[in-house]
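There are two complexes below, and they share chain A, which is joined by chain B in the first and by chain C in the second.
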Partner chain A sequence: MTLALYRIDDRLIHGQVVVGWGQPLNCSFIVLVDDEVSSSDWEQDLYRMGVSPQIEVIFASVEQAAAQFSDWEADARVGILLVGDVETAVALAARVPQVKRFNVGGVHHRAGRTERLRFVYLTDEEASKLRELAARGVEVTAQDVPTARAVPIGEFT
Partner chain B sequence: MAAVNGARGKGALARALLRLFAVQGSYNYERMLGVGVGVAEEPLLRDLDATRYGPAVARGGHFFNAHPYLAGLAIGAAARAEHDGASPDQIERLREALCGPLGSLGDRLVWAGWLPFLSGLTMAAIALGAGWIAVAAFLCVYNIGHVALRWWALKAGWTHGTRVSVALHHPMLQKAGAVLGPAMAFAVGAALPLTAAFLSGPFDAWARIALAIVAALSFILLRLRGDRVNGLRLSLAVAALALVAGVLWP
Partner chain C sequence: MSELRGVIVSHAAVAQALVAAVKAITGIDDALTPISNEGCGTEALGERLREAVGPGPAVLFVDLPGGSCFTSSARYAKQGGAEIAVVTGVNLAMLLDFVFHRDVAPADAARRAVDAGAKAIRVTA
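Moving on to the complex of A and B:
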């Protein structure tokens, strides 16, 4: 199999990812791409607690992810790749041309962001970056859970 | 620091616990449980000096989401970190890092463990003739576990602060996670045939066969199209269909 889901979600590993997506996809590993978490033992310890022992969690910086991406794509198991923000998604897609889609699963309220969907809040700059990503051929949709409709980028940016 | 321990500290913890019961009422898509978490954390921050109290309360109300029964762990840990003089950035990262694990752990322990386990036992008990006593027992036992989990989480967060991952490695949690999954499967598995027999008892044989066919078809549909159909929607659709059929074909 391969990486079945590329998701932008500021909560990173949580129930919607592990149960909502992980179970129907029969996910066996999660790749968490985040420069800060990849160098923080205590944060990795916490994120590992969010998954059952059968699921492997791999922590990587953007650079490490670019180097190891082909290994994960070739993995016989099903995996999910997670990033916590739009910048990381853009940086990863710039280094790894094989990334052809991103699911915006949850980007929540912060100062400067406005509501685009009930689970997507973006600054104008973030919305613009997502549009640029789509213009480069990456399919960008917003979908919080598998049973919801995948909202095309034109409807939320 | 001393002021937050002892009797005053326990009083503040008790007030935070009481406020935690309202945390789900604060849910909204903008900050999710953030405002409720901030309100529940506030009693634990009152001993901070005036210059730190305001920013700490404001931080407590930022976006936060987790399982409501375990949110106290983040509240206690963040409040302790505020008293220990942790930097605002470290406290924000602690809260962010706790969202996912507490949500995921709580979902597995409670929504996919404790709640369906006791529901299964209760349904089986009712089907076997226990009646309202089973419902009363369910409410008592479920809420003893629920309140105990909330209290443990708040106290553990308050005790460990930024080292809160120590609390999450507690053997009780590991054991509960390992035991509740199979126990839930057993209880629900036992309850389903008993409940089906109990509910279909008053109907004619042909109606029971129709019920079995609908149940089997629904199971197959959920297995094959679980990405598009969920159990709740399907149940409501089938119930609506049954009502219409009952009106048209009395």
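Moving on to the complex of A and C:
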């Protein structure tokens, strides 16, 4: 198997990811790509607490992720790759052309963002970046949990 | 020492239901504040915590020992400035004990709540 889910979610490791997606996918490792978290032991401890010990959690900066990506893709286990925002997703996809899909799973309200879906709020710039990503051949859909419909990018940007 | 507030931080409406149950059993309705993570990113949940905790002191009762409710609560406890303890695995038994024992420091109240909550979990048949 390989990385089965590439997800943009500002909550990073949380219930929907670990249980909602992790259980049906039989996920054995989670790669959390975030420059800030990858440089903070305290933040890493915090996120590790949400995951059972049999699931490996790997923390990486965007640069580290680009260097190690092929190892994760070749892993015999099933994995989930997480980023916290559109900017990180775009940066990763720019460095790693093998990234061919992103699931927008949770981008929540903050100043400047407008509601696109119940669980997706985007600035116009973020929406534009996602469309550019799609135009470059990355399949971008929005889906919070596996039982929900995968909403195509054209319906929420 | 000002009396402790309890803030319950949960997925969906678990926190609201627990507050309602405590009120139904004890009549106390001013010790606990419910927060849901519904529709919240990290920033919005942090803001809800700030509003609920106020100047503190407080004990944050979180539903799970991981996830967005937990990470936001632990982060807030570390950075929020108020005197705060965080308990995970909230249940009704610990809250019923807590509302009657709020004249202690948050860390002591948290330990007591964990004991009370743990004692309520058992196999009876």
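Criterion: the second predicted complex is superposed on the first by the 157 of 157 C-alpha atoms of A that agree within 3 Å, B and C clash if a C-alpha of one lies under 4 Å from a C-alpha of the other, contacts with A are read in each partner's own complex, and residues count from 1 in each chain.
Criterion: a contact is a pair of C-beta atoms (placed from the backbone, for glycine too) under 8 Å apart; a residue touches a chain by one contact, two chains touch by 3 or more.
The model shown is predicted, which means the values in this text are computed figures rather than measured ones.
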{"item": "Combined model on chain A where chain B meets chain C, clash or fit", "value": "clash"}
{"item": "First (chain B), second (chain C), both or neither touched by A:Ala67", "value": "neither"}
{"item": "Touching partner for A:Gly50 - first (chain B), second (chain C), both, neither", "value": "both"}
{"item": "Partner chain in contact with A:Pro24 - chain B first, chain C second, else both or neither", "value": "first"}
{"item": "Of chain B and chain C, the chain that contacts the larger number of chain A residues", "value": "B"}
{"item": "Partner chain(s) touched by A:Ala148 [first = chain B, second = chain C, both, neither]", "value": "neither"}
{"item": "Which of chain B and chain C A:Ala135 touches, first, second, both or neither", "value": "neither"}
{"item": "Touching partner for A:Arg110 - first (chain B), second (chain C), both, neither", "value": "both"}
{"item": "Partner chain(s) touched by A:His14 [first = chain B, second = chain C, both, neither]", "value": "both"}
{"item": "Partner chain(s) touched by A:Arg118 [first = chain B, second = chain C, both, neither]", "value": "both"}
{"item": "Residue range of chain B overlapping chain C upon superposition on chain A, of 41-49, 131-139 or 185-193", "value": "41-49"}
{"item": "Doubly contacted residues of chain A, that is, touched by chain B and again by chain C", "value": "10-15, 18, 42, 46-47, 49-51, 108-110, 118-119"}
{"item": "Chain A residues within the chain C interface of the complex", "value": "10-15, 18, 42, 46-47, 49-51, 106-110, 118-119"}
{"item": "Complex contact set, residues of chain A against chain B", "value": "10-19, 24, 36-37, 40, 42-43, 45-47, 49-52, 108-110, 115, 118-119, 121, 146-147"}
{"item": "Of all residues in chain B, those that touch chain A in their complex", "value": "29-32, 63, 65, 67, 93, 96-101, 103-108, 112, 162-165, 168, 177, 226-230"}
{"item": "Sites on chain C touched by chain A in the complex", "value": "11, 39-44, 64-68, 70-71, 74-75, 78"}
